[in-house]
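Shared between the two complexes below is chain A, which has chain B as its partner in the first and chain C in the second.
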Partner chain A sequence: MMDDFEKQIQQALQRKDPSPFFEARVLATVRRDAQARRARWRMWWASAVAASLLIVTGSAWQYQKIEHERIAGEQAKARLELALKITSVKLQKISHKVEQIEN
Partner chain B sequence: MKRILPVVLLLGLPLAAQEIKMPPGLDKLAAKASEVVDVNLDGALLQLASKFLSDKDADEAHVKQLVGGLKGIFVKSFEFDEANQYSQADIEEFRAQFRPPAWSRIVSARSKKNGENSEILLKTDNNQISGLVVIVTEPKELTIVNIIGNIRPEDLRDLGGKMGIPKIDVGGAVKQSDKKNNDKKEDEK
Partner chain C sequence: MVFSIAYHYLRDRSAAEEVAQDVFLQLHRSFDDFKPGPDRDAHLVHWLRKVASHRSIDATRKRRTQPATGLGVALDDAPPPSVPAESKDFLLQQRLETLIGSLPEKPRMVMVLRYQEDLMPEEIASLLDMPVRTVKSHLQRSLAMLREKIDRSMGEIR
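And then the complex of A and B:
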């Protein structure tokens, strides 16, 4: 009984030669892992650069839009002031003329 | 198609009702005039301009309130070096558009001495002012103001002395104090 058990242990612990191309397979796996890690890093960097570009472009576009709106608004305000100025002056003159006629 | 057509016609109706045909030769006048002012502010532009009027400044806040009820301001003003550069027939044709009951001429002042003719016309819808037209013809000047929306002429007249708008004294002179005030405001700008 004891002998059987020892035999089994001996057989289990017996040195075995690796299967054919074992080393090549291990090296290939290591290389594959390294390539995958590098690809992940490249992807991460590309994403970071793309995100940064997107933020910079978006901010520039937003700034330009706000600036464009501000200029258009200031121009519209100036035109409104001019229109009101002409209208008010004409109405004041008419009003005085009417007052003069009435008096 | 039969259903769409009335809707399209109805949508176009308010626009057509508000549209005022300017005198035909007006564009050609610009070439003859020594000074031309052509301001076209539709509803969208008025809203945009309103956004840039301050609520903190009392004058600007007042103007903002006035402009809030408007759908358009159109001003055409020509000054000429020589008299009689525009056709009276064109002006008559323009005037003919403003017929009762929609339009009423609230002021008409003529001066034979100076050859000046001023008119204020109001358009009312359901007892509410919906349009204002001012026509001022002088031998060397022609001004047409068309304002669409709810505004009283006196509100505009009373803007004198505010926001750089001169206040005209009796006799047509610009008040010195107001002029100084206006000049100061212009300098600040």
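And then the complex of A and C:
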């Protein structure tokens, strides 16, 4: 139970209203904040997409480079094998001729 | 409610509006946290009171580090023209407002929540994150101090 003195305090502390433009000001601030947050969110998405594109492009370039080196390596290997095969055939022929001369 | 808590605590209309605006902005940002249900309104009111109280206390601390202009208080202290200055009740209420405004941070907020929002000590304790007996002790001490100062100043008026 409140006594008279406490009731006087309650009277002194009764609710007060803000200025008439307060509500409009709050709404404008909230709107501005929402727009700024949306802009930040869009910026974040754009950065994320740009970073993803950079990673994909970089990976594709790296893959192409490795593939190019692999094909070049295989071609070099094939050429070497061919050269060895030709050399081997020629050596066989020479060896054959040497054997004929010796006999 | 939000503006009024800040106003009675800070005794400065523009500072109170700034605090209230911050509270509503925070409410807008965290509105999705309030799940629809039967307790939603009560939860919302509790949240608003809690954030308004803490923001008001923070604002006083921030103001202490900045030079005060005193404009807001001066304007708010001017009596409204419709109320006669001789009115004893009006003088008493003006004096009470000033005295409550001069209380230390925590007891001042306890008084505002008790007598403006009509909250029980248990609810105030939960809002201000302090033990119930601390709330009760703040209330008793503040009331005793106010009674003594009011008796003295009303005696002077008489």
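Just so we're on the same page, the second predicted complex is superposed on the first by the 72 of 103 C-alpha atoms of A that agree within 3 Å, B and C clash if a C-alpha of one lies under 4 Å from a C-alpha of the other, contacts with A are read in each partner's own complex, and residues count from 1 in each chain.
Rule of thumb we're sticking to: contacts are C-beta pairs under 8 Å (C-beta built on N, C-alpha and C of every residue); 3 or more make two chains touch, one makes a residue touch a chain.
These numbers come from a predicted model, not from an experiment.
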Next item on the list: Tell me which partner A:Arg79 touches in the superposition: chain B (first), chain C (second), both or neither.
Entry: first
Item checked: Partner chain in contact with A:Ala48 - chain B first, chain C second, else both or neither -> neither
Item checked: Greater residue coverage of chain A in the superposed arrangement, chain B or chain C -> B
Notebook entry, point to check: Of the two partner chains, chain B (first) and chain C (second), which one does A:Ala60 touch, if any: first, second, both, or neither?
Noted result: neither
Next item on the list: Using the superposition on chain A described above, determine whether A:Gln8 touches chain B (first), chain C (second), both, or neither.
Entry: second
Notebook entry, point to check: Touching A:Ile71, do we find chain B (first), chain C (second), both, or neither?
Noted result: neither
Notebook entry, point to check: When the two structures are overlaid on chain A, which partner does A:Val30 contact: first (chain B), second (chain C), both, or neither?
Noted result: second
Note to self: Applying the document's definition of touch, where does A:Ala39 land relative to chain B and chain C: first, second, both, or neither?
What the structure shows: neither
Notebook entry, point to check: If you stack the two complexes on chain A, which partner ends up touching A:Lys16: first (chain B), second (chain C), both, or neither?
Noted result: second
Margin query: Going by the contact rule set out at the top, does A:Ser88 touch chain B (first), chain C (second), both, or neither?
Written below: first
Next item on the list: Would you please give the residues of chain A that touch chain B in one complex and also touch chain C in the other complex?
Entry: none
Next item on the list: Give every residue of chain C touching chain A within the complex, in rising order.
Entry: 1, 3-4, 7-8, 13, 16-17, 20-21, 24-25, 28-29, 89, 92-94, 96-97, 100, 111-112, 115-116, 118, 143, 146-147, 150
Next item on the list: Please name which positions on chain A make contact with chain B in the complex.
Entry: 69, 72-74, 76-77, 79-101
Next item on the list: Sort out for me which residues of chain B touch chain A in the complex.
Entry: 37, 39, 41, 45-46, 48-49, 51-53, 63, 67, 73, 75, 77, 107, 109, 111, 116, 118, 120, 134, 136, 143, 145, 147, 153-154, 156-160, 163-168, 170-172
Item checked: Touch list for chain A against partner chain C, complex -> 5-6, 8-19, 22, 25-26, 29-30, 33-34, 37
